[in-house]
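Two complexes are shown next, each including chain A; its partner changes from chain B in the first to chain C in the second.
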Partner chain A sequence: MDKIKVEICVGTTCFILGASELQELERFLPEGLRDKVDITGATCLGMCKDDNYGQAPFVRVGNRIVSNASISSVIEQIEEQLKHR
Partner chain B sequence: MISNDTYVEIEYYQKTKTGEDVCGDDFKTVSLEDESRYIAVLSDGLGSGIKASLLANMTTAMALKFATRDMEILQSSEIIMDSLPVCEVRKISYATFSIVDILASGKVRITEMDNPEFIHLRGHEEIHHEKLKQVSSNWPDRELQLSNFEVMPEDRIIFFSDGVSQAGLGNKPHKFGWKREGCLEYALQCINNQPQISARTLSRAIVTQACGMNPQCRCIDDITCAVVYFRKPRRLRLLTGPPFKKDNDSEYANYVVNFEGRTIICGGTTAQILARELNREIKTHLFMRNNGLPPTSEMEGVSMITEGILTLTEVARCMENTVPQQEMAPAVKDMINMFMESDVIEFIVGTKVNEAHQDPSLPVDLEIRRNIIKKIKNLLETLYRKKVFMKYI
Partner chain C sequence: MQANDANRVRRELLIKIVREFMQGNLAEKIDRIPYELRPRDGQSSRCCVFKDRAVIKYRLMAILGIGVENETDEAKPLSEYLQDALDRELPDEDILSVLDVACSHCITSRYLITNACRGCFARPCTFNCPKKAIAVVNGQARINYDLCIDCGKCTQVCPYHAIIRVPIPCEEACPVNAIRRDEETDRQYIDFKACISCGKCMTACPFAAILERSQIIDVLKLIKAGRKVIAMVAPAIVGQFAGKLGQIAAALHHAGFARMEEVAYGAEMTTTHETEEFLERMKKGDHIMTTSCCPAYVEAVKLHVPELLPFVSDTPSPMRYTAEAVKKQDPDAFTVFIGPCVAKRKEAVADQNTDYVMTFEELGAMFAAMQIDVSSQEALPLDRDVKGYARGFATSCGVSAAILEELHQSHPEIEMPEINKQFINGLDHKTVKQLALYGRGKLPGNFLEVMACEGGCVGGPCAIGKVTLATAAVKKAAAGEV
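Moving on, here comes the complex of A and B:
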């Protein structure tokens, strides 16, 4: 099974609004999820310039955007997507 | 003859005698008439510490003034020697000097008094020059040595205080000191290992090597070495901010492709645009520790990619307050080092407005970007004598 791609935006807007903590995501991932995701960084996902996406910081999980992202909301989204596989 | 495309890199490095607070050698340099002429002066004051420092500083200040005004050299030296304060103990006033006067046409005139003789290198070969000697009737034992010659691109001129040539004095294996020959040999070795070695690196290497000749690496004297390198300019281009019009994106990308030199990209969106235009992939170093700054990324053909405003602000702050390197965030340190190792720096500033509107209190604002770049430009020009250009797109 393909891993779920998790892209954490570390552009200026996202970084200031909380992405600096999201960088630690891997450390907080439950054991069972570790080998199911592929975590990378992104320079700016472009959502911060678009009103339609809500509040930064943004994380892309698979092909869904998590806005106002926190470690727990990202983990939730990963689990959600695993359920539907 | 040196061409228009030759950059005159003048750098020096020095170490103070162990136990003294101030260096008794002094080095000063100016560039005149729109960089068509450079003058550099090195002086070694008698003794060490504050007294020596005073003598050396007075000497370089006067020598630089006189040379700038094209005063007759013998007369200038007499004034210098006459005006230095006399040492209570030794009843003499004394400071050596070397004046290196360079015209953009490639003509060089060097006047030396009692410093070790300068070294002129063309590639791996030392070039010797006939020297004209002059003596003032008031100071019969102070001989001036004058040399006039032309340099070629890639030539180097090395000159130093006797802290270099006498390094290791009294100790094996250099009982009589490293001497000018030892320094020459070492400089050639450095050039052999690294043919494009910068004046900055070479002067540091020589001083460090000289210092290492002394027992426990203590400086038994002030050590100063200056290097002039007539080099092909090392170019650096920094792109930051998205272009004003989207149509300009491809032109923007050309600034990366058609460029002989190093490139830095500052800003996530900027990096995205360039990656798209150039069809290259960006890799972000997510787990890199960058002291509270966003991590850096990489892309083929680009030396460095950082976040924009926060990183640039920190770069400006560190440059302005001369923050020690070990306290800088890695990205900041790397960027400043790249500035230092470049001669000509271009800032290409994208001017798209209203970049992020998520939070009006965020400092992501064109005006701020422009102001930080202006500040960095100023610092580079005044503190580091870099040639800096700025272009808005």
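Moving on, here comes the complex of A and C:
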């Protein structure tokens, strides 16, 4: 089975509004998820334009965007997608 | 810095201010910001949206660089404060303010018996309390606060750890007891005669009631007017943005700065000078020398540890050396120090060559507002070939490492006085007491490096990146990888 791609936006807006914390996502991943995801940093996903920055930081999990992302909400989204496979 | 709502709101406000200012709409929009962020039907973070709006207004005043305690007319709109900010020539000297409407007036009784108390048979709390302030009522120990003297004996003896100490976070964080309660007005205030501007109270307060006066408007004003503004970036900048140093230089250029100068360049001069000074002082017979690059630490010694003052290095800080060099080369340019530090604002007031100070947080907001993405910039070549050790100044022990390397390089021939280096990594009540002991020669060591922030500058109150990751980035930069 393909790994779920997790892209953490490290564009400046996301970075200062919380993505710097998300860099530690890997550390907090539950044991069972580690080999099921592929975590990378992404240059600006373009979501923060149009005055939408209040929703930053953004993370793309598979093909879904998680806004206001936190370590726990990203893990939740990963689990959600694994369930529907 | 820890991620929390208070930091997030502050950063969002900064982004808004920069964006509107650069678009030329700030005067017209600024009074609307509190209403936009807290609409009537929206959620509030305090008791109601109305209080939230009031607090946001004061936060905006601080971002404009206005001290909230200087408010004389509550009805004065933000647009008028903006005009005041644009009219001023020099930033304020006092830096931090307590925002009373945001302050929660934390309880002064510091010991609390929790539900973990089992009302045991032995009852060591009642026996060990020197004031007989604890009695067991309905199977649980209770403190009579009229008698309690906050000695804390009960917490030490409870086998269940059921008695906790509830601190007042700002007072707990202040290493020099400069923030306290005014008994008459029952308000928390900062005693500026004792304050070392370290910024610890600001990050400690869970109600974000301590505000820092920003100079971002002053800098933006110059940039917008097309003046030559040079960004002097502290060595801690690597690891603060997702990007290499050359990319940060490019981003700064896009933001309107004429160029970037690494303060690490000044750190080289500090190192050479401080190394010579150390050798001289040892020859003279001094028992110790201590570092001078951390402004909050130097201020702490000046105001609170007279015993150690004669042993503080006279060598100017990296910021001063850098600013001096920049002004020599470019007398008409404006210099802006950009770092993670609150105390640098104070140091800069006394330094004629450093015009303004911005924080990493403010710079990040500037990039975000101008939609400049550091990680997708094409890196500019770095103007100077800075020695690796100078880039390592930003972590605790970085200064000593630099001095050692310099001693080794510049004086391989002379017999070294044995260097016994000591570190104080972060100031708090306890380490400030240690400083006096170093001054009196009661503790071993002849070279004392002190950083007011835990971890060094990377752990500063206005940093963005996580300390662990930022430390790794600075160490990499010190090893030559930028």
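For this structure, a couple of remarks:
The rule we apply is simple: the second predicted complex is superposed on the first by the 80 of 85 C-alpha atoms of A that agree within 3 Å, B and C clash if a C-alpha of one lies under 4 Å from a C-alpha of the other, contacts with A are read in each partner's own complex, and residues count from 1 in each chain.
Basically, contacts are C-beta pairs under 8 Å (C-beta built on N, C-alpha and C of every residue); 3 or more make two chains touch, one makes a residue touch a chain.
Because the structure is predicted, anything quoted here is derived from the model rather than measured.
With the two structures aligned on chain A, chain B clashes with chain C.
In the superposed model, A:Thr40 lies in contact with chain B only, and not with chain C.
Touch criterion met: A:Cys48 reaches chain B and chain C at once. Contacts of A:Gly18 after superposition on the shared chain: chain C is touched, whereas chain B is not.
Of the two partner chains placed by superposition, A:Glu79 touches none, neither chain B nor chain C.
In the overlay built on the shared chain, the residue A:Glu26 is in contact with chain B alone; chain C does not reach it. None of the stretches 132-140, 384-392 or 402-410 of chain C clash with chain B in the superposition except 384-392. In the superposition on chain A, chain A positions 10-13, 15-17, 19-20, 23, 41, 43-44, 48-49 are in contact with chain B in one complex as well as with chain C in the other. Of all the residues in chain C, the ones that touch chain A in their complex are 3, 8, 11-12, 15, 241-242, 251, 361, 364-365, 367-368, 371-376, 464-466, 469. Of all residues in chain A, those touching chain B in their complex are 8-13, 15-17, 19-20, 23, 26, 39-44, 46, 48-49, 51, 55-56. By the touch criterion given at the top, residues 10-13, 15-21, 23-24, 41, 43-44, 48-49, 53-54 of chain A touch chain C in their complex.
Across the complex, chain A is touched by residues 267-269, 271-272, 282-287, 292, 294-295, 297, 305, 307-310, 355-359, 362, 364 of chain B.
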